[in-house]
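All chains are identified by letter, namely A, B, C and D, in their written order; residue positions are counted from 1 within each chain.
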Amino acid sequence: MSDRAYVIFEEQQRARGIDLDQVKAKLKAFKIETPSWGYGDSGTRFKVFKKQGVPRNPFEKFDDAAQVHRLTGICPSVAIHIPWDKVEDYGKLKSHAENLGLAIGAVNPNLFQEQEYMLGSVTNADPLIRRKATDHLLECVDIAKETGSRDLSLWFADGTNYPGQGDIRQRKAWMLEALAEMYKAMMPQMRMLIEYKFFEPAFYHTDLADWGMAYNYAVKLGPQAQVLVDTGHHAQGTNVEHIVAYLIDEHKLGGFHFNSRKYADDDLIVGSMNPYELFLIFYQILSAANDSDLSIGQTVNQIAYMIDQSHNIEAKIPAMIRSVMNVQTQYAKALLVNHSEVAEAQQRNDVLEAENAVRQAFEFDVTPLLHAVREEMGVPADPMKAYLNSGYPKSILSRGIGGASW
Amino acid sequence: MSDRAYVIFEEQQRARGIDLDQVKAKLKAFKIETPSWGYGDSGTRFKVFKKQGVPRNPFEKFDDAAQVHRLTGICPSVAIHIPWDKVEDYGKLKSHAENLGLAIGAVNPNLFQEQEYMLGSVTNADPLIRRKATDHLLECVDIAKETGSRDLSLWFADGTNYPGQGDIRQRKAWMLEALAEMYKAMMPQMRMLIEYKFFEPAFYHTDLADWGMAYNYAVKLGPQAQVLVDTGHHAQGTNVEHIVAYLIDEHKLGGFHFNSRKYADDDLIVGSMNPYELFLIFYQILSAANDSDLSIGQTVNQIAYMIDQSHNIEAKIPAMIRSVMNVQTQYAKALLVNHSEVAEAQQRNDVLEAENAVRQAFEFDVTPLLHAVREEMGVPADPMKAYLNSGYPKSILSRGIGGASW
Amino acid sequence: MSDRAYVIFEEQQRARGIDLDQVKAKLKAFKIETPSWGYGDSGTRFKVFKKQGVPRNPFEKFDDAAQVHRLTGICPSVAIHIPWDKVEDYGKLKSHAENLGLAIGAVNPNLFQEQEYMLGSVTNADPLIRRKATDHLLECVDIAKETGSRDLSLWFADGTNYPGQGDIRQRKAWMLEALAEMYKAMMPQMRMLIEYKFFEPAFYHTDLADWGMAYNYAVKLGPQAQVLVDTGHHAQGTNVEHIVAYLIDEHKLGGFHFNSRKYADDDLIVGSMNPYELFLIFYQILSAANDSDLSIGQTVNQIAYMIDQSHNIEAKIPAMIRSVMNVQTQYAKALLVNHSEVAEAQQRNDVLEAENAVRQAFEFDVTPLLHAVREEMGVPADPMKAYLNSGYPKSILSRGIGGASW
Amino acid sequence: MSDRAYVIFEEQQRARGIDLDQVKAKLKAFKIETPSWGYGDSGTRFKVFKKQGVPRNPFEKFDDAAQVHRLTGICPSVAIHIPWDKVEDYGKLKSHAENLGLAIGAVNPNLFQEQEYMLGSVTNADPLIRRKATDHLLECVDIAKETGSRDLSLWFADGTNYPGQGDIRQRKAWMLEALAEMYKAMMPQMRMLIEYKFFEPAFYHTDLADWGMAYNYAVKLGPQAQVLVDTGHHAQGTNVEHIVAYLIDEHKLGGFHFNSRKYADDDLIVGSMNPYELFLIFYQILSAANDSDLSIGQTVNQIAYMIDQSHNIEAKIPAMIRSVMNVQTQYAKALLVNHSEVAEAQQRNDVLEAENAVRQAFEFDVTPLLHAVREEMGVPADPMKAYLNSGYPKSILSRGIGGASW
């Protein structure tokens, strides 16, 4: 049935003027980075529930990530978090990854889990703490050199809980100082991806609270600094795809941390709460990819697609497979938008037709397409089923309870 | 200067028709319950920062709470959380409290920190887990009998993270079952206070998500069941004082968990983010207190005022003193509303004058009044200063780091 | 291709255990009521843009509504708004409707567009205004008798803009008085559908602010009173499908006002902002429809599905056709949920599988199914295209600019 | 009593190290601009209620504004809105204003009330409409030359209601084109103040949606372009004072549109919903005013404080007096912050003391101070009472019903 379903799908799309060969090529070239910490235990402030079989060290996290790549074919790199993934010999970790067919992806500094950082890291009123924090940023640049990572993903928990607690403008200046020192230490091929967040763990003011603040730092620092959009880090109602389009237009969109949210930074499986929003993000990206200004297309090509989630109650590896498939599904749907049809409707101010031309692509069932692409890539048509039927889930139970968590 | 300030204040208020003797009497009768867990370490999902001097057991928590009562004179009871405050002999804890001039207040069951409760406690699909959870509720009724507590405060973390994860209507029925069993076990003088919460730790649906759901259970259960309003548990923009007035009108407001929020359930010091909202809550309460229907006044008299906060970065005891003072301050301001002035303006549909009559009370500086009341009560005029200048802060340092946390 | 697409679709669904004959039967029985005011001009507080061809009176609104029914086959009734649709002879309007194959649906009182209602209608401090407002409610009951309408849909703009402006509890009592008087006047087969709204046009407190308040009135009034859920009338983040399930479980869900929102009460085309939410609402409804308690199924059968939108910038009739098709699409998808698959996964606490069993149904393309159903119903496979290719759009241009607006 | 109250106030503040002479001087120098449209009728999309006595033309609006200035002494300029305040001879309007002791303040173009702008003005897909819109911007520059206005306040209603409706990046470029053309036409002493808004009347995407977008345009345009912060134009939870501090730090805060909101852009009387937020905004401003970098102080000195409200249900002139007094009150309170006390607590990371040092200033009753300042300025101690007791309210009734509205 699957083959016949694909034949019908193909006819349908060709009739709409969609070049399916190109669509398939793009789907094969599309890569999603999974995070090492997504394989460990995580939770809320109320409780971290412990699962049996969770990896006990960075090497086992890569083992699990390799399963996701083996079954989906599109997850060849893994982001690491320092010090959660601190090892004595990064060369050894790199070799381990390469033996599994993986690369080490973005390096993520951690500036929120040491006692000193309670009131800020690079924005702390205490210069010794700022120094320590900046040194950790520099350490991460060094690690990135060892691991061969292109991207340094920076998220700061810095902020205040009360009016008056900190000097907002002074903290702004201190953060720039730290970023500038780090920027200078980077290799020419490296990128600094600056993440922002509306709130949490700071509850009055967050030093890097929105895209505008991250963008402004990136502009001041230079072309190697760009913005990282975490899909869960916005105020309710925020039009995330607008921000995406805006940042691309300024050549400052560096990448994504994908996840879903209904309320705050819920860190649920991407695509599970509002799949249409994910589709619309890709619609903006793909719309920009075709820009006559080639530098826009170049920006698009460099976007890092990364998962960043907390699997508090789900089985970790299946949750990651589901996440990757959800992203792939919405990307595939967005590839079915007929951009010239949209553009024509926009030009004649036909609101309903323009809206329809975009939404229509979302309504297609891309399962036959994805099955076909996976077959051509030599991975299982249904990666989730393949995983559950493999021996891997059982094999990791021997790790016991109490693996890595954040 | 303070005396002269009070003389002026007195003249000013008498000129407005405010009976200051009654105001003072109400301020002296006003009681706030502090929570045992507010004296321990707490944090966000990212980190619990450890403070030196945090109490190491329930007895030390009462020691700290006694300081707050000694200095403010209005905090004679302490809420406990089971199993955080589980002791072998509750009689011993009760004696310890009484020796400190304290009583044990509301008993709070905890149904969110055991592995079994990951997917729900009283709403879990597994009947054994539901049984275990209900048994814990019954255990708390027994504890309340031992401690002489009137109130059982129920907050459930139960909910789901994904569409389809749970059967929403079935879970609703299961929760009613558990509550009904607990209700039946209560002594006639006991109250069940049912708390609701918009979200967290559940991120798709929360079984008890809003006042309407808590209220509906309370109606079905009977007169000993009422609603507990946590000021931080609402959607952005929610008019909390409207809900307060509504519940009083239905004789179903049982009490408060006070704290502040700017974003989600931030659990900051009450009165620190939007003091006017706290004032307006008291304005509604005091407006109802005067109702010609005496049963409304009775409901108001039974309201339990409780603090429920997470002092993630603050010194614990000072944070509690500040919280108590903030509540007292807004209560004092609300006592200065001239209700007949408001009513007259309302009756002639004079929007600006009615608004002014309420806001005006908020704009008074009640420091002279509170100083006078505290003097008459025999407590320090400035409880915070008195605490910081006492030997207590230094004395508790010997407890070391790593005390109780939740 | 369409036929072949349906053959594949049929195989696919039968393999999943879906009874397509039943699905089709339900799709044919599904009815959506369109609102007379959705055919007229509307706008924001900044501007009402005028369109050529907008109906000039209630009769022309029914003419337009008849087009929507002719092309979709599922819109046989039209809600009216008094006094917007006030006519001298409702018998004449009823005959006009019947000649067009339509019935007059819900009667909607309007208590917000007369000078007297500036500070409230049934909650106004002035008893004469309350009387006038209640009389209008009674007038609408009389109109419903003439039009043969079962439902009276009540939305009150009543509320206040400032703290202190009104006596919240007094206004609550006044509203109950008015509703009780209206309730008493209703015929036994009539229903009062009570709508709630988070805010707007009142900006401090809204007398009927949430489902809990509407529900409580409905309980006090009796079995003929139920709640009306407008999908755009909630705080950001609110889980609307939870409320839907809850109200059904209490036999108090009377109907819907469908529309989309991203921010406030945006009144956009239903299904255009977050189609998954609309699907999840239907998933809850259909899940309840199968309840072993037959009274739940009866409640579900009585639900009134109504559109309530403001087409500020769109062509009116096409906007309505699109809306109806969007609702039908999500209803069709929800009919593909395999409920026993969901229930089994829930029972074994398999979070990912339960979620997948629901979401999967959303991912199917139901176009072949809807084409087949429409063909069997004798309406065009593509109602929008059929409308645009008909002579109707051109024919109404002679109405000119400046038709009815609200 | 007032004199004695001031004596006590003075002692109290001097004891805290506050220089009351400087505080008074700043209060006398503080100016608030009122908007011509705040004197006319306004409403929601549901209804514009008409008041008797509303001004019938721009000249009468200035008459009313003169009353506000006469009684408060701090409102010497009035913002105008074109075409609402379009007159044949702006010289005549200017003379009229000057005779009343007023100046014409900011000029506000209006690009949202003509049929052509339904789908955008400067971002419309139709080049003729973009041209027309840009010409209106140029017209406003010309008007500003005639009126001697320094500031041009730009708010664009431009945006889309549906995904796909417009090309987001193309619209971004079109807006820059229009702004650049206007910028070029400005005189050297003129400023372009760019306002942003989260949503409404556009409900999917707003071209100028947040401070980051307004700021980015201002940076690209040059030093005469700055950002205008409307306090009601943010997502729920947004820390507005953070944005204020941020923009000052970048020398890009040009001014404010003051009003209050609880939900969306409610346009209520400033200071009526959350007075503490207004205080915290001034705290940030005054904190920056003392910066050792003098250019920051210069930026602060140029900030334009303007009211922008819709008095839907209130008497217009009293609503404006109340608004002005509310702003003055919070400004006065912020002047009582002891900045070195705050800074010291911040430097030693004393969270509670730093918070207290700020909040404490808010808790003072500044009525005695304001009475003293008003007396020294020769205006009534209670401007509201003075207005209501004057003959003006009665005198304007002869204007009848149906004056200017927007």
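We adopt the following convention: contacts are C-beta pairs under 8 Å (C-beta built on N, C-alpha and C of every residue); 3 or more make two chains touch, one makes a residue touch a chain.
Just so you know, these numbers come straight off a predicted model, no measurement behind them.
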{"item": "Listed pair (B-C, A-B or A-C) duplicating the A-D contact set, over half by residue number", "value": "B-C"}
{"item": "Selected pair, greater C-beta contact count between C-D and B-D", "value": "C-D"}
{"item": "Computed distance of Cα centres, chain D from chain C, in Å", "value": "40"}
{"item": "Numbers and ranges of chain A residues touching at least 2 other chains", "value": "119, 161-163, 198-199, 204, 236-237, 239, 262-263, 269, 272-273, 313-314, 351, 355-356, 359"}
{"item": "Contact footprint of chain D on chain A as seen in their complex", "value": "119, 124-126, 161-169, 172-173, 198-199, 204-206, 209-213, 215-216, 234-239, 241-242, 245-246, 248-250, 280, 283-284, 287-288, 291, 342-343, 345-349, 351, 354-359"}
{"item": "In the complex with chain A, residue positions of chain B that touch it", "value": "42-47, 49-50, 112-113, 115, 117-119, 157, 161-163, 198-201, 203-204, 236, 261-264, 266, 268-269, 272-273, 310, 312-314"}
{"item": "Chain B-facing residues of chain D, complex", "value": "1, 4-5, 8, 11-12, 15, 236-237, 239, 262-263, 269, 272-277, 313-315, 318-319, 322, 329, 351-352, 355-356, 359, 362-365, 367, 384"}
